[in-house]
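In what follows, chain A forms one complex with chain B and a second complex with chain C.
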Partner chain A sequence: MAEQTKISVTDVTLRDGMHAVRHQFSVEDVKEIASALDQMGVSHIEATHGDGLGGSSLQYGLGKETEEDFLKAACSVIKNAKPTALLLPGIGTVDDMKRAAEYGIKAIRVATHCTEADISEQHIGEARKMGLETVGFLMMSHMVSPDILVEEAKKMASYGAQTVYIVDSAGAMMMEQVRERISALVGALDSSVEVGFHAHNNLGLSIANSLAAVEEGATRIDCSLAGLGAGAGNTPLEVFAAVTEKRGIRTGLDLYKAMDAADDIVRPKMHRPIQVDRLSLTMGYAGVYSSFLLHAFRAAEMFKVDPRDVLVELGKRKVVGGQEDMIVDVAVELEQKQQALQK
Partner chain B sequence: MSKLKAAILGSGNIGTDLMFKLLRSEWIEPAWMIGIDPASDGLKRAREHGLATFDQGLKAALEEISPDIVFDATSAKAHIRHAKLLKEKGIQAVDLTPAARGPLVIAAVNLDEHIDALNVNMVTCGGQATVPMVYAVSRVTDVSYAEIVATISSQSAGPGTRQNIDEFTVTTARALELIGGAKQGKAIIILNPAEPPILMRDTIYCRIEKTDEETREKIDRSIREMVKHVQTYVPGYRLNRDPIFQDDVVSISIEVEGLGDYLPVYAGNLDIMTAAAVKVGEEMAKKRMSTVK
Partner chain C sequence: MAEQTKISVTDVTLRDGMHAVRHQFSVEDVKEIASALDQMGVSHIEATHGDGLGGSSLQYGLGKETEEDFLKAACSVIKNAKPTALLLPGIGTVDDMKRAAEYGIKAIRVATHCTEADISEQHIGEARKMGLETVGFLMMSHMVSPDILVEEAKKMASYGAQTVYIVDSAGAMMMEQVRERISALVGALDSSVEVGFHAHNNLGLSIANSLAAVEEGATRIDCSLAGLGAGAGNTPLEVFAAVTEKRGIRTGLDLYKAMDAADDIVRPKMHRPIQVDRLSLTMGYAGVYSSFLLHAFRAAEMFKVDPRDVLVELGKRKVVGGQEDMIVDVAVELEQKQQALQK
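After this line comes the complex of A and B, so read on.
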């Protein structure tokens, strides 16, 4: 390698990580984590309810803080990185985005299921008009072929997205799948459009997949401290800092600061360890949206069924991100089946 | 007995499905279909079923015909123009677009209040499906917050919905409050691309004031009565499971299967719109015919 590859890292501890703490981070937590992140070289710090703007709900879990308090807390301490929010059209609205911009957000990531990019036209267009840096986010990208992803990514770029992400929401992709998807996008999109990758560690491949993405030309990678995120978590920032340094990939990350923040700040705040256990592994195996983890756990407890059966059934039904209500419905059905068998 | 003579505006999927439903009506005769594309399948179907058709839009058609009632199945933008033209002529309009020029009407709940209005708006498919459930709860005990999640198949979400998905969530939330009776409303919409396409599915959460056993039983009964009432005009409207009460929240899960008149059965979200519009039109017709006598 004559010239070192240079990429930038978006941290999602305060957004995807919210799933792992049931959206219960306080204003103090946000300030502490965001301040630390701002000192370690990440380019963007995403902070929102796990399901994005407007995500605080009975369906996804109510946030501890209001969106206003949460975002203002994050923006107040971020000096170096870009404060970023996530928005899922159908959940959040353009008005939510305008309020977020007033609170200090500088970049917006507009996320849709990987085949539904055209519902993002309104939000991406408005975001650009407002002068926000705008990213398109194709969730559950393991479900469709690289060709379809290229079509959908082109739509987002045509609406004004400056970066498009391949998002492995279910942590179900293997390295080859990442490679073919990233290289397809890099080859097909205008060179002015950056390509990014967002991993989940449900099959234990978040680091390997993120590296594969960089090798195929992705220049934006999502990480979180100690991997805090839905399912088995995201690509752990401190581990990614170490392996990229060893591979000669320039990220600008400060390894020791990342390690310290992961161990000293984030791990003590965890509700349960972020790990590949039988549930998160089942998600990767069955291809289920990682945010379902704690919901499935709760529903299974309530209806006395094996949460793995619930997840596998959800995978079979090709349920997409946002359909958390299906978890209870499937658990009820399984309970009824179980009772019928016992009779 | 004579019927009200109706014109259907828009020869797309919704307008055409609406025609098939009106052809069965005892109160309304679909006499005309007005489109802008002479080659559209909708206009062809309309001619096959004996309707006179126009392909130059509403203004041109109104020079030749004077319908008793008009169903607008075009777009919000077009309806703003149409509403003006129809108002000038004093023609009653049932608006299936999200334009919301007239009062919002949920067929199962507040139809009587606006039966004489010159222009009524049919809210959204999610509204027609979920507001009756919120109302069924709020007529038993106060609902401080109602939240609905509508999941529809990608195949049944047209370009209009996709280009302005905020309109769906905002208008539906407003109807949860105004008509459903919730103090605060929130709506979420999810598109699912699975093949074969899924039926429309809605989850309705209500935060309730009273949570004692007796109130819960009353709510349960009220929900089931409302489901039966909606079934009188949308036969494929049903509960997926029993309502679940947990702390101060009741969660209701429903599914809407369409009749498959012109739209496929999975498009229950579109079917509930056309069925509700027919219901509203028929009640208007009954009222008008009884006062004419």
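After this line comes the complex of A and C, so read on.
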């Protein structure tokens, strides 16, 4: 790594952070946070429901504001950074994306499970046609090998993605896993395609993993103020600003402004502390979706087994979203094993 | 690193964690925490005032309990681990150490500033004569080069220390700094002397730095439940248990018991969340003693400069404890610079 590596930081306080406040940021909150972010040197400010465009629903959690009010509020105060929205095909539509662009969104990040890049084709293609900057987002990237991720990333790039992210949705990656995945993508993709990394802190490694990603050639890193995000949160922006400065990596971030916004604006708005507790640590350790937690706890209670054992087993079996039936099956099997041991 | 590296974990919840609760753990708290720790596979349980034996005082903060009651309570419940006490020469005395041994303490960690190992000679020597296990603790180890640390560590070993620790008191080390310091000590000390590492999380790197230390040959790692400790806290034991298990490092820790004790016993006793906030991040970024914080904030207020600039400048000048006069000098200089710029 050259001494003066230059990267850019995308802030996700107003998107991934929405999970941590049950999507309840108000128009005033959004304006306050987006303005502060816009003054501290981030290149992109992502502001969307936690589950992306169209996410505000009974299934994914109703937002406090309509999507229109929320996005317009964010875009109204962002002068320096690019207002950005997340879209998960299946939840958000091309129409949602068009409206978002009308509200002032300039970049779209299209997110799929790490083996399902093909479902991003239409959205990435349409976004490019609309003149939006496009980013592909490979979620749960810890579940598959670097080779598979390369194939999926190439698909996204071929659809028009200008950047592809390795996304550690469950905060389950050790540094080596980050290194091998980022370096594989950097080596395999056309040099015009940037590689990004999105961490979660469930194993206490968000800062170290983000640094490792930069060392392997990632030029786009996701952060959030005070780490506000799902599970144990994301890479805390103000901490990343400090360590990159110490390491001689240029981010353009203003360290003091980031510290002040984290402590004075974001922490007072938190519903719960962002920490590596039993739930978030188990999620990172097992490498499973956060949406499995509640189901696993219910099933574990029913069959009197430890919910952590259920989650660890689900992680081993690489169960993905849509296979929630497996959760009860696993709990039953564990109960039977437990009973056999007691005999 | 061999796949099955074996290390041992010293818990400091009841010593470094005492700073975070202003030394107010009761006899009941100590018994509850020490018992839980004793069941989860740590090799040593350090239980002392935050500033070590003799630390309970107006200057360093009065403990809720007398040293006698506190140590006896801890030792009364510890059956598997070694009850351990910290001692800073100048605060604690040889007599304090003798009394601690009478109360049941089996290991003494003698801590000095990283360039002052010579003041540990008497205490380490006496501890060995008393049949106690002895550990040397080189505080603020980020401030000097690996070569100097090697010289200081050799002194401690020559006095009889069976283990020497690199201590990142300010949480200021990047992973490379940990690697070069630990590998220097491992290479230079007699193979009968173990090398340990004590992290703080001020830069969000406690887990990564502790793993790096193990990779370089450290066999003793300090942790605390939920990271309870000064500043941004120590390496969280339960998280370290999870990452070492994922990495194939044998610690003997019981992950679920550690998670449960962190969430159910320690977090409810916290006075404040253990987090990387403006204060603790500045401390790690600047690389200064936590005891400077209050002085720096007072001086900064008086001269209307940013206290963080004062701390950063103190870090650059490598100011150490006892040189607190420098804090006002630095604030005055920064004020003058500021005024000159405004003209």
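Keep this in mind: the second predicted complex is superposed on the first by the 286 of 343 C-alpha atoms of A that agree within 3 Å, B and C clash if a C-alpha of one lies under 4 Å from a C-alpha of the other, contacts with A are read in each partner's own complex, and residues count from 1 in each chain.
Assume a residue touches a chain if its C-beta (ideal position, glycine included) is under 8 Å from a C-beta of that chain, and two chains touch if they have at least 3 such contacts.
What you see is a predicted model, and the numbers here were worked out from it, not measured in a lab.
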| said: With both complexes superposed on chain A, which partner does A:C75 reach: first (chain B), second (chain C), both or neither? | reply: neither
| Just chain B (first), just chain C (second), both, or neither: which does A:A100 touch? | neither
| Taking the superposition as given, does A:L255 touch the first partner, chain B, the second, chain C, both, or neither? | second
| message | Looking at A:R317, would you say it contacts chain B, chain C, both, or neither? Reply first, second, both or neither. | response | first
| said: Contacts for A:I108 in the overlay, against chain B (first) and chain C (second): which applies, first, second, both or neither? | reply: neither
| said: Just to be sure I read the superposition right, which of the two partners does A:V332 touch: chain B = first, chain C = second, or both, or neither? | reply: first
| query | Common interface residues of chain A with chain B and chain C? | reply | none
| request: Can you check the complex and tell me which residues of chain C touch chain A? | output: 174-175, 203-208, 211, 226, 236, 238-239, 242-243, 245-247, 255-256, 259-260, 262-263, 267, 273, 275-278, 281-282, 284-285, 306, 308
| Which residues, counting only chain B, touch chain A once they are in their complex? | 145, 147, 149, 151, 154, 157, 159, 162-166, 168-170, 186, 188-194, 201, 203, 205, 207, 240-241, 244, 249, 251, 253
| field | Complex contacts: residues of chain A adjacent to chain B | value | 54, 57-59, 89-91, 93-95, 113, 115-116, 118-119, 121-122, 317-320, 322-323, 325-326, 328-329, 332-333
